[in-house]
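Have a look at these structures, which come just after this line.
Look for chain A in each of the two complexes below; its partner is chain B in the first and chain C in the second.
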Partner chain A sequence: MTGAEDSADGATAVAPVLEIRRVAKRFDATQALDDVSLSLHAGEIHALLGENGAGKSTLIKIITGVHQPDRGQIMLAARSVTIRSAADAQRLGIAAIYQEPLLFPDLNVAENIFISHQDRGAVVSWAQMFHEAESILAELGVALDVRSPARGLTLAAQQSVEIAKAISLNVRILIMDEPTASLSAHEVQELFKLVRDLKRQGVAILFVSHRMEEVFEIADKVTVFRDGRLISTRARLEATPQGAIADMVGREIDLTKTRATAARTDLVLSVSALGRQGVFEGVTFDLHRGEVLGFAGLIGAGRTDVGLALFGIEPATSGTILLNDKPVAIRSPRDGMKLGIAYVSEDRRQLGLVLPMSIFANVTLPVLRRYLNRFGLVRTSLERGTADAFRARLAIRAPSVDLEVAKLSGGNQQKVMLSKWLNTDPSILILDEPTRGVDVGSKAEVHAIIAQLATEGIGIIVISSDLPEVLALSDRVLVMREGRQMAILDRAEANQETVMTAAMGQRPANSLDGSAP
Partner chain B sequence: MSALERLKGWEAMMLALLCAIVALNGVWSPYFLSVGNFVNLFQLSIEKSIVALTMALVIIGGEIDLSVASVMGLAACVMAWTFHEGAPMPLAVLLALAAGALAGLNNAFWIAKVGLPSLAVTLAGLIGYRGVARILLEDRAIGGFPDWFNTLGQQALIGPLTAAILIFFLLFVFFAIVLHGSAFGRLVYVVGSNVQAARYSGVRVGLVKSALFVGSAFVAALAGILYAARLGSVRGDMAEGFELDVITAVLLGGVSIFGGKGNLVGVGLSLLVILNLRNGMGLANITGNTQNDVIGGLLILSVLIPNMWQDLHNKWKGRET
Partner chain C sequence: MTWLQRRVRPEQIRELSLLVLIAIAIAFFGSFIDGYYSFRTFNRIASSVAIITVVAVGQTLVVLTRNIDLSVGSIVGFTAYFVGTLIANDNGINPLLAVAIAIAMGAGLGVVNGVIVAWGRVPAVVVTLGTLAIYRGVLVDLSGAKTVTTDSLPDWLTGLPLVNVAPIGNLDIRPLFVLAVVIVVIFQFATTYLSFARRFYAIGSNPEAAQLVGLPMRGVVFLAFVICGALAGLAGFMFLVRFGNITVEAGRGLELSVVAAVVVGGVNIFGGSGTVAGAMFGAVLIGTLEQSLFRLGISEFWLDAVLGLLILLAVASDAVILQRLRALWGGAELKLVAKEADSVSGERRAPRP
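Coming up: the complex of A and B.
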C-alpha cells in the first residue's frame, strides 16, 4: 500500500530482529535502566512484566527513539543502529501502540491510519485512501466506518485503528504497551487473534501488560523487570504467574484472595428502571451498607453511564433512585455529593485529577469549603493535615503532600483520587476501573482498601473490565450489555463463565431478578 | 514543589531584568532616577496596569478577554454621554460602572452558559462594545467634567501618588489575596488547569468563569473612568488597542496562555519591566515603533528562555552518570 515492501523477509531465523546490548539510562537520581540486555526474534511474542517504574517504559522509549541510552547498543538484524527520533524508528520498521490511543479526534479513521505516511504526496485521493483503510480493517476483522471521525470511538475501536496504523507501515517490530488495559475480555480475545496473525507474518512483538493471565496466554517469552534491572527471562512454558509476580515485587502476592461476604442488612440505595435516553435503560438494583456490587460487561455496555447518572454528571432521564428509602433527584455532581455519593472516574489524567496541582489541593478540592477561615481564605495547613492523614492511611508513596500529582505513579495517583473522594465522607462510593494502568503491588493495595471501606459500612459499586478483579471483590455482580441490565449474580453463582455468558447476551435462566434478596 | 521553584525562578529572572534596565537607564539619563519620573512613568499607563490584574486572573482561569479596551471605551463614553445629557457626575460614573458590569454579564452568558469559546465571544465584544461607544459619542470629544473628577486622575493625593495609582495598589493587594488565598482563587487555578476534572469534582465551573468575566469587565470600566479623569475628555476611540499591551504584560509576567499557571507578583514585575524599558527607550530617543519591536522580542524571549534552560538542564543531567 505504500510500496515499502523492500525487506519483508530480511530477518533470518538465527539473528534476532532486535537486540538490546547492555543498555543503561539515568534520569536525575533515578537509574531507570541498568545494564539491560534482551533479544527479540521474528515471529516471537515477548512479554515485559514489571511494576510501574521498573524500566519497561524507558526501554520502550529508547527503542522508539524518544530517549537515547547513556550506554549500550541497539542492534537491528545484527547491525548497530542509532534511533534518534520516532521517525527514525518508523523508518527502521518499529512501531508502538500505547494504552491510551494517540489519535487525532477530528480526523477520520482512514486519515488516522495513514497519518504517518509522508510519501503520499500533496494530493490525497480520498477514494483510494478509504478503500485501503477499509481493506486493512477488513483484514483485521474490525467493523468501523473509515469516514467517521476518531472522536467518539470507543477505546477498543481506537486501539484497532492504532493497530491498523502500524500494519499500514509494514512494521517488523511492534511494541504494545498495555494495549489491553482498557479492553473488556471479549475485546482482548479479538486483539489477541490479531496479534497471533501478526506473529504468523513474522512480526516480532514486545508486549507489555499488567494482566498476568493475558501474558501467560499469549507470550512466548516472559521477561521481568524490577527497579531498572532485568530480573529474569524465561520461556513461557518454564514460567509461572506466581513466580513472575514474585520476581516483579520481590515478594509473594495473592491477587485471587476473595473478601469475606458482607451481610445484606441496611439498604442505602435502591434504583429501579433507571435510564438515560439512548444510552441505557431498565437498570434496577439494591445496594446495602458494606456491600460491594460489581458492574461487569464489555466496554460500551453502559456501566460507566450508570455511574455518571448516579453521580449527576450525565443525569438519568427515567426511573427512580431511592436513597435511604427517600426518592431523590440527582441533576448535577453537586447534588450527588450532597447526597453522599462519590464517583471515582476511570480516567485519572483527564477527569479525575488536576495533574499540575499538589496532592493536598487535589484531595480537598470537592470540599474546599470546609477548609476556609472566617475571612474566606483557604487554610492550607489544615489541608496538608488532611492529606497527610490520607497519605498514611492509604500508604501513598510521596515525600510530601506538596508534590505535584503528575509526578506520582499510576497506583499512587489512584490512591490520591480515592483520598479525595473518601474525604467527602461518602455513604456510596462508585469506583470506575479502580486499578486500570496500576502495577500489581498497588493493585493488591487498592483491593485491600476497597475491602476495608466496605467493612466500614460504605456501599461500594466497582465498575471494572478486569473480570478476576470484579469476581474477587464483589458480593454480587450486575452484568450489562449494550445499555441493558442482563443479570445480577450472587457470589455463589458468579464466575468467569456465568458473567461472560450474560455479558455476551445469553441470559442465565435463574438470575433475572434485579432486586435481591 | 518544583512548580513553585519554577515560578520563583521566573520572578528572579524578571527582577534581574528590571534591575538591569533601571541601572542602564540611570547611567544613560540622570533624570531617570528621580522619584518624579518614576511616578510619572507609572501614571502614564496606570489604566493598563489595573486591567492587567484581572486579565491575569482570566488567563490563569484558562480563558481570555479581548474586550477589555472596548469596555474601557464604552464605560468612559457612557459616562461622558450621560453627563453631557445632564445627569449629575456621580450618577454618570455609576452608570458607566453598570455598563461595564453589563458587558461582562453579556460575555459571561455566551461563554459560561452557552459554552462558546471566550476568544470568539470577547472578540465580538471588542468590536461590539466599541461600536456602542462610537454611536454614543459619534465624532465628538466630550470634556468639561467637574474639577473633583479631573483631580482623581491628575492630582497627587498621598505624597506624589494619584488616586489611580492608589487604586492600583489596593486592587493589586486585593486580587493577590483573592487569587492566592481564597477558595475562588484556588478554583480559578483548577478550572484553568483541567476544566473537566473540576466539573467531575463538583466545582461550579460556569459560576467561576462568570465571576472572572464580570470582574474583568467591571475593573476595565473602572480603568476607563480613571483614564477619562486623567485625560479630562472622552472620545469614541479611547483606549483602542490597549488589550494587546495588557495581555503582553500578563504573559511576560509568567502567566501561561494555556491557563493554570502564573501569579500576580510575576505580573507586577513584568509591568515594571515594560514601563522602565519604554521609558528608558523614550529617554534615549528611540521611537515608539522600535519600542514595540523590543517589547515583542522580549515576549518571545520570555517564552524561549525557560524552555531552552529546561533543555540544557536535561542534557546536562543526562550526561552526568
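Coming up: the complex of A and C.
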C-alpha cells in the first residue's frame, strides 16, 4: 500500500473510531479489495473516491457486515470486531445511507425511523413513537408529518428520514453512499447542513460521491481507490480535484472543459408557451441543428416534465411545437419517435433498459420492425451488426453484444441507452440526467459522445442536476423553477451564480428571456 | 392537506367502502329472498363467515409478507378429518385437547410450507400449490376414503353449533362466531401493537430495506406460514363442529374464498399493507355472497366465478382507485425549519415534488 495514511489532521492523538487494517476481499477472479488500511476519526468527514468497481462499495459492505473480509482486521475504538450482519453493524453504532433511500413505503415516517430498534419493548406505544420521531426530526431542523406513510415522500425527505433513523440509533459511524446522486443543488446544500451538524456532534462520516465539487466542499480527508487498492489519502487542503481524478483513473481528465460551440444554423425545434396543466407552463425556446440546450433547475422544477411532453409520454396540454417550421402534435412516444425525437430517460433501470436482455436486443428494441425478414421473424445477425457498430462507436466495454445489460456498469448501461435511441436516427435527442450514477471516466466519455453528436447535426437537450455538467456541455441554458421558465442564458452569461439565481427565483438583471437573439 | 385527509388514510377509505358494499349486498338479497332478514339467515351466514375469517386472518399474515398460502383448504380438510376420526374413536377425549391437536396439526403442516418457502427459496405459489395437492392426497390415502359421520361424534361436539353463548334479545350468538371475533381482535391488536408483528408489514413493504436493517426475514416468513397453518387447523376443528359429516373432500376450494376475502378486504396482494379487520370485512362480504347466492339457487360453479371476479375487481381497484386516492392525498411535505442556531436566509422550503 501507499501509506499516505497518517496525514496531518491533528487528531492522531485520539484513537480512531474505526480502523481498517490490511483488509482484502476476493470475488472469484476479481481482487475487489487488496490490502486496504484506512482510519476514521470522530467528527471527521472522510470522502471515498474511485470509479465504479474501484472497491469503495466492497469496503462499505464489509463495514456494514454484508461481506466478510478474507484477510485483515476491523477495529472499533481500538477493539477488534467481527461484523457478521447488518444487525451486528447496527449494534456497533454503524449505519449506512444509500443513494436510493431504502424506506418501507407502507409504514409511517415514525415507524421507519424506529423499525430497527430492538430495544423498544414488545408492545409499540404509537403516541410515544410519534413524539420521539417528531423531536428527532425537529433536532434536525426538519418538519415532516411523522404519521404519514413514507410512500410518496420526495427523495430529499426520504434522506432526512434515513438520517433521523441513524441518529435515533446513536450512530458513531455513518456511511453515506452517493447520498446526493438524486438530489438537486439546493437539496444537496440542505443535506450538507445536516451532515455538518452530525460532524459537530462527533459522528464519523464516510462519504462516497462521484461529484468532485461536493467532495471538496464537505470532506476533511479524501481517499482515492483504484482497482481494489487504496491509492492515496490526503487532507482536503492538500488535495486538488485534478489530482484526485488523476489518482482515480491513472490519467488527467478535465470535466469542466467546455465544449467547442457550433454556429447556430437551421432551426429544428421551436416551442412556444408549452404547458401541461398543473405541471409546467409558458415554456418557450428554439433549438438549432448541432446545438446543445441545457435544462437547469432544482429537482421538481418541471424540467423532466418538459422532456416527457416533447417526447409524448405525458403530452403537453397547451402551447405549440414547430418541428422544422411545421406545427406538430405529439400525443404519444410513438408520435415522438415518428417525428425523429428520442428521449433517454433518467431512470435507466425502470424506463430505459430491459436488464435481463442482451445488449443487441436492447439496442434494436424501438425499431425492431427494421430487423424483420420477409417471414416477419427477427434477424438477429442484423441486430448484432448494428449493436457491434454502436459498441465500437461509443466504446461500450463488453466482451460481446450478447451480454446481458444487467451485467454492465452504470456508464456502459448509459451508453447502451444512448445507442438504443441513436439507432432511431433522431434529429432531436433529449438526455435526462445522462451521467447520474456514472463514474468519472465514463462521464467524460459520455460528454465527448454528446459533443460528437452535436457536431453531427443533432439538436440536443440535456436535462441535468449536475450544474458544472450543464455549463460544460450547453450552448445555452434554460433555467426552470416550479414549472416556469425563468431564463435562457447564453454561454457567455451562464455560470454557477446566474443559473442558481434564476433557479432560486430571482431573475438575473441582464437575462434574455424567450428565444435566442 | 385537509383535516380529514390527515385523519383518514386512503387505505381506511377502502376498508370503509367495503362496509357500504356489504350493506348493498344485504339490501339486494333482502329484496329477492323471502324471510332474508331473519336470525336464521344471520346464523347461517355467521357460521360460514366464521370459518372463512379464521383462515383469512392467517392468510393475511402470509400475504403481508409477499407470499400466499394456497394449501389452507387442504389443511382445513386434513385436520377436520383426522381430529374427527380421533374424536369418533375416543368420545371421552378432552375437548380442549382436541382443539389443541387440531391447531398443532395445522401448525405442523404450516411448518412444512414455511421451511420450503423461507429456506428453500421456492416461490410460495409453487410450494403451496404443491402442498395443496400433497396434503389432500395424503388425506385421501390414509383415510381410505371413509367418512366421519355425525352419529359417531359425542353430543358436546354435535350440539356445539347450537349453543347460545350470549343471547341478545332473540338473536342467538353462536360459539363459532364468538371464536372468530376473538381471533380477529387478538390478531388485529397484535399486528398493530406488537413490534415483532410489525415486521410482517416491514418485510412485505420493502424486503431489500428489511434485509439492510437486519430484520430476520426467513424467521418472519416462516412464522407467518406456521400461524396460518395453525389457524387453518383451528378452522378445521370449526369445520368439524359445523358439519359433523366429514368426507375427504372437506374444505376443498376453501382457498378461493379465503384469498378472495383477504384481497377484497384490502390486503395488498404484493405485501406490506392491509389489516386483519379488513380481511374480516372481506370474509363477511364473501360469506354473505356465498350463502345468499346459494339460497337464490345459483349453482356453486357460478359462485366460484363470482369469487374469481371479486378477486380481479379487488386487485384492479387497488391498482387504480388506491393510486388515485394516494395521488389526491399526496406525500407528506418536507419542510426545513430554521433552527435557532442557524441564521440562514433565502429559500427555506424544499421544492414541491
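Rule of thumb we're sticking to: the second predicted complex is superposed on the first by the 491 of 517 C-alpha atoms of A that agree within 3 Å, B and C clash if a C-alpha of one lies under 4 Å from a C-alpha of the other, contacts with A are read in each partner's own complex, and residues count from 1 in each chain.
Rule of thumb we're sticking to: a contact is a pair of C-beta atoms (placed from the backbone, for glycine too) under 8 Å apart; a residue touches a chain by one contact, two chains touch by 3 or more.
Everything numeric here is computed off the predicted structure, so don't read it as measured data.
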Chain C versus chain B on the shared chain A, clash or fit after superposition: clash
Partner chain in contact with A:D70 - chain B first, chain C second, else both or neither: first
Partner chain in contact with A:A235 - chain B first, chain C second, else both or neither: neither
Which of chain B and chain C A:A361 touches, first, second, both or neither: first
First (chain B), second (chain C), both or neither touched by A:A78: neither
First (chain B), second (chain C), both or neither touched by A:A301: second
Which of chain B and chain C A:S345 touches, first, second, both or neither: first
Chain B versus chain C as contact partner of A:A329, first or second or both or neither: neither
Greater chain A contact set [chain C / chain B]: C
Partner chain(s) touched by A:L372 [first = chain B, second = chain C, both, neither]: first
Region of chain B that runs into chain C when the structures are aligned on their shared chain, from 23-31, 113-121 or 167-175: 113-121
Those residues of chain A which chain B touches in one complex and chain C touches in the other: none
Chain C to chain A touching residues, read off their complex: 1, 6, 9, 192-196, 198, 201-202, 204-206, 208-215, 268, 272-273, 326, 329-339, 342, 344, 346-347, 350-353
Residues of chain B touching chain A in the complex: 1-3, 177, 181-183, 186-187, 189-190, 193-194, 196-204, 260-261, 317-318, 321
Complex interface listing, chain A residues touching chain B: 24, 26-28, 68, 70-71, 313, 332-334, 336-337, 343, 345, 350-358, 361, 365-366, 368-369, 371-372, 376-378, 400, 402-404, 420
List of chain A residues in touch with chain C within their complex: 85-90, 96, 102-107, 109, 111, 115-116, 120-124, 126, 138, 141-145, 147-149, 151-154, 156-157, 160, 184, 186-187, 190, 193, 298-301, 482, 504-505
